[in-house]
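Let me begin by presenting the structure, written as structure tokens, before commenting on it.
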Amino acid sequence: MSLLTRIIGWAVLIFGLLYFFVPLGGLFEFSLRARRGVYSLDAYVRVLADPQFQATFSYSVFMALVTIVIGILIVVPTAFWVRLKMPWARPYVEFMTLLPLVIPAIVIVFGYIRLYNTSSWLPLTGSLTGTNALLAFGYTMLALPYMYRAVDTGLRTIDVATLTEAAQSLGAGWITILRRVILPNVVPAVLSGAFLTFAIVIGEFTLAALLDRPAFGPYLQRIGANKAYEPFALSVIAFGITWGCLALIQLVSRFSKMAPPRI
Amino acid sequence: MSFLALENLQKSFGAVQVVKDFNMSIEKGEFVSFLGPSGCGKTTILRMIAGFETPSGGTISINGKDQSRLKTSQRNIGMVFQAYALFPNMNVFDNVAFGLKVAGTPKTQIEARVKEMLALIRLEHLADRYPYQLSGGQQQRVALARALAPKPQLLLLDEPLSALDAKIRISLREEIRQIQRQLGITTVFVTHDQEEALSISDRIVVMNAGHADQIGSPSEIYNHPATRFVASFVGTLNMIDAVVADPAAQTVRIGDQLIALRESVGNRKPSDPITLALRPEAASLSEHGDATLRGEVISASFLGSVVRTKIAVGGSTVSFDMFNSPDLRMPAPGEDINLHFSSGDLLIVRD
Amino acid sequence: MSLLTRIIGWAVLIFGLLYFFVPLGGLFEFSLRARRGVYSLDAYVRVLADPQFQATFSYSVFMALVTIVIGILIVVPTAFWVRLKMPWARPYVEFMTLLPLVIPAIVIVFGYIRLYNTSSWLPLTGSLTGTNALLAFGYTMLALPYMYRAVDTGLRTIDVATLTEAAQSLGAGWITILRRVILPNVVPAVLSGAFLTFAIVIGEFTLAALLDRPAFGPYLQRIGANKAYEPFALSVIAFGITWGCLALIQLVSRFSKMAPPRI
Amino acid sequence: MSFLALENLQKSFGAVQVVKDFNMSIEKGEFVSFLGPSGCGKTTILRMIAGFETPSGGTISINGKDQSRLKTSQRNIGMVFQAYALFPNMNVFDNVAFGLKVAGTPKTQIEARVKEMLALIRLEHLADRYPYQLSGGQQQRVALARALAPKPQLLLLDEPLSALDAKIRISLREEIRQIQRQLGITTVFVTHDQEEALSISDRIVVMNAGHADQIGSPSEIYNHPATRFVASFVGTLNMIDAVVADPAAQTVRIGDQLIALRESVGNRKPSDPITLALRPEAASLSEHGDATLRGEVISASFLGSVVRTKIAVGGSTVSFDMFNSPDLRMPAPGEDINLHFSSGDLLIVRD
């Protein structure tokens, strides 16, 4: 039975690896074939030299950072307060953070367009800044579930209520408690939420395309429709970025595991 | 005037009244334990004193000063929690220093005070350790040092020992008591463990469903329980069904055996039922005392230092304890034996 | 402070509601304006009568059901086995289930197209059935994280190891254990994973568009580009469906809460 | 021939050897407890008997039949787990019936047997309840009935009481013992609670770091511990530092007091250090026994039924216990008192 266990175990792992990595392998192999007959990095060179690539990629990175900041500002205080003072509200908040997963992005975008079009009370879509802001809020919404879960999981590893009360009994006010006690203990969780957000925003297509912003996702798709090898090189690059983010999450969470085990 | 005064204290959560009109005065330097089962309101009282809960009614005053308008952070109390309340991101030194830093104490003073506190709990050598590197007992000692560092006027202990192993629990409670005596700090201790409360306290409050059933010294509580609840919650107690034989002579009949009580049976009439209580350690096989009960042994179990024997006497089961010794002969089931005790140990149970 | 708590609490809740429901409200209001001057359901009637709507919608429903079946077959045994016999593999499996969140769907699709194109060893994209299968596998990948987490959470509520050992000591074999002991206790979790999958597949746009399949997502976008009121009506319908799924999840999880509390 | 035979049993997890060459024979109908701290290997042995772990070496045979090739489901054993092992989706009846259903027993027989089992644990009236509607004690009784329903040849109990409240723990252990006697089923019980093991067992195996330090009856284990580990793990023990005075006369010196031992000091020479052990309940203030130690009272704590006093005797601290009684005078700290005991109670500690 121990042998069977091991065989099934490896089968599951191998199946998982194949499921994800065989497509990626094919992708990578093809992306090297830009020069006839030999493997080369020609496609990568061309992609990286493309000013449009640079423009869209830096635009997406910038939007990702903005999204992360908005997300942290919304999520950390909410999650702390919900854990501490409103445990009754947890199911509602969790329900709300589920919404972006199941409300199609298209629906959100149509709502935004309708609400903030040029003839509305707040004509956001009328200006570039406005549209960018709309996009950032849309991204925040997409990233909310992951950010919230990451931070909430981080808070779960410490006994928020007891630590807060201990700090209060020692004379600390709210700001001291947040700054000296709560935040230092959830930094890894916040970071892992941030990396996840980053990866999601970099690869996002629907929102950016429908709001017609020069982001990396639509660029990827445009290239894919018009070039032979470059889209594959781009995909590999995009994958590399997300992979890097994931590796960072793992690193951070390993680091945080070396920190105090709690409860 | 008392140091900590709780007057007409009440607390309701929604429709549930958890603390019902509680009154108590605690003297400076006293060690008072709140003892009771979970849900009896003992923790709620502690949390109201700390300022974590707002009383629904009544006042709390410390040293004559009403606390109701003060936040927890303004009350100058030290508190030790059940477990895991050390700040995980700080080492032992920084944990103990936290309260002093918050108060803006100068650095050199902080250092001196923290060292003093760590010496008090004999953990000077662990100042650089983080909480996860400490055992449970060490963590609670650090928590105690942290609570005491800012020189609080009152120390509150919320079941600080209940997450620890049996042996550490015993040594730490002795240490807590010794430190408390040394500093002379007024202390309120909450526990559900009767042995803990009995061994550590100047006075014990036995809580039952939101009010105090009895307030008294450990031996008063144990030897003269005021209510049936106190009697059964504190220690083990035999309940024996009997009927009154002769009210004037204060005699009762247990099965077919006649026993004379030392207290009056009150206004009970002959043949009225009456419930008597007897502690297992009050009775023994050796001849002593003025009362005897004969019964058949049901079982004898060896519990280590003590051998507990159960005998059947007139429909009731009576347990009694003997200290073990290597040459002790265990009573055999089925055997008839005489149980000797002092009639003064036989209490009449009031409900 | 209690008052402050309450105010902050309500502010958070209201903010959340506004964040999600104001766009939706705008959307809904506009979708009723198809007839000049009065509110009417004209847009809805036209949408529902559109044979394309019916075709794409039933296609997506069908694909969602297929995805759910594949997902359950992959996830339930894997999650059970990992919990029971391979706790060391949990981080890897969890890492794998994170991948679909951060690998952009576009990357996956390009990989599929490259790997299974008409000149490859398995020319899936050459036939309709093959492309549909590809799409279903892509959907499964998208839904994997949610399905896995739902089932894993379900398994966490029971003590899998002890229950399995108890059943073994009573003479039960693996099939009996799975059928009589494990499955009955994770049905609610499986259902909630299934509803989430359903909602995701119904609203998905990128995969279906890039593989050029007649799914509901691309139809929604096409209508959006060409009609005035119908896209908004469609959005409301899509939202209604996802909302229904969410409500079902809540119902199921509430139902499961009335069942035995464990650990 | 013994019923359950464990021969040269070994188990390693990676490089860690958890069970080291364990040998034991258990007779039919015996109740044997494995007692030890966590990590001592007691649970691993139980799990190997059940078939959940495969031994790294050695054999397990039940009734003469080697079990190594049998899966758990083929061994016909009943097992009760620490907690929460009832099937949450089945009611009490179906839980108890599970083993019989799996075995394909006819329906009418199942019904009769389940009823019989529920009568045994006195829960007939709860047959329709689900596990979450039961208290912890009831759940464990149902788990016991479920384990016994298919008439197993062996009953394995893996700390079945440790998740329960103190009072229920005591009543349930008496019930388990009584049912075990009634059915005459061979039982292996794993616990870390010495009182539990002492009160319930025919024989106790005290485990320490993978091997058995001592196997014996409860009173052997308690009164004649074979090793220092057994002595300190089972019960509370005073360790007293002394020096040999006269090996021939078997006298030792504790501080400046001379005591004659009943056992030989072995090949120790005069002035050699020697460690003695004395159980707290063996000593008392009243005159008895042939040995006396004089010391200064350090503290006296009231623990309920027992008063524990610590005295300082020649550099060692000696605790002794007295049963409480209302007229007991507690020794005051600083007072000098005489402690009486029998010299036979003073054991020489071997390491």
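In order of appearance the chains are A, B, C and D, and numbering begins at 1 in each one.
Here is the rule we use: a residue touches a chain if its C-beta (ideal position, glycine included) is under 8 Å from a C-beta of that chain, and two chains touch if they have at least 3 such contacts.
Treat the numbers as computed from the prediction; the structure is a model and nothing was measured.
Chemist: Please tell me the distance, in whole Å, between the geometric centres of chain B and chain D computed from their C-alpha atoms.
Modeler: 27
Chemist: Calculate how many whole Å lie between the centre of chain A and the centre of chain D, each centre taken as the average of the chain's C-alpha atoms.
Modeler: Chain centres of chain A and chain D, defined by C-alpha means, are spaced 55 Å apart.
Chemist: So what's the Cα centroid distance for chain A and chain B, whole Å?
Modeler: The answer is 53 Å.
Chemist: Of all the residues in chain A, which ones touch at least 2 other chains?
Modeler: Not one residue of chain A touches more than one other chain, so the list is empty.
Chemist: Do you know which chain B residues sit against two or more other chains?
Modeler: As it turns out, chain B has residues touching two or more other chains at 71.
Chemist: If each chain is a node and each touching pair an edge, is that a line, ring, star, complete or other?
Modeler: ring
Chemist: Which pairs of chains touch each other in this structure?
Modeler: A-B, A-C, B-D, C-D
Chemist: Could you list, by residue number, the parts of chain A that touch chain B in their complex?
Modeler: Chain A residues touching chain B: 158-159, 162-163, 165-173, 176, 180-181, 184-185, 259-263.
Chemist: Show which residues of chain B lie in contact with chain D when the two form their complex.
Modeler: Going through chain B, the ones touching chain D are 174, 194-195, 198-200, 218-219, 222-224, 234-236, 279-282, 299, 301-306, 308, 321, 323-326, 342, 344-345.
Chemist: Residue numbers of chain D touching chain C in their complex, please.
Modeler: 50-52, 71-79, 81-82, 84-89, 98-99, 102-103, 130-132, 143, 146-147, 150, 156
Chemist: Show which residues of chain C lie in contact with chain A when the two form their complex.
Modeler: 5, 8-9, 12-13, 16, 19-20, 22-24, 26-27, 30, 78, 81-82, 85-86, 89, 92-93, 95-96, 98-99, 101-108, 110-112, 114-115, 141, 146, 196, 199-200, 202-206, 210, 217, 220-221, 224, 231-232, 235, 238-239, 242, 245-246, 249-250
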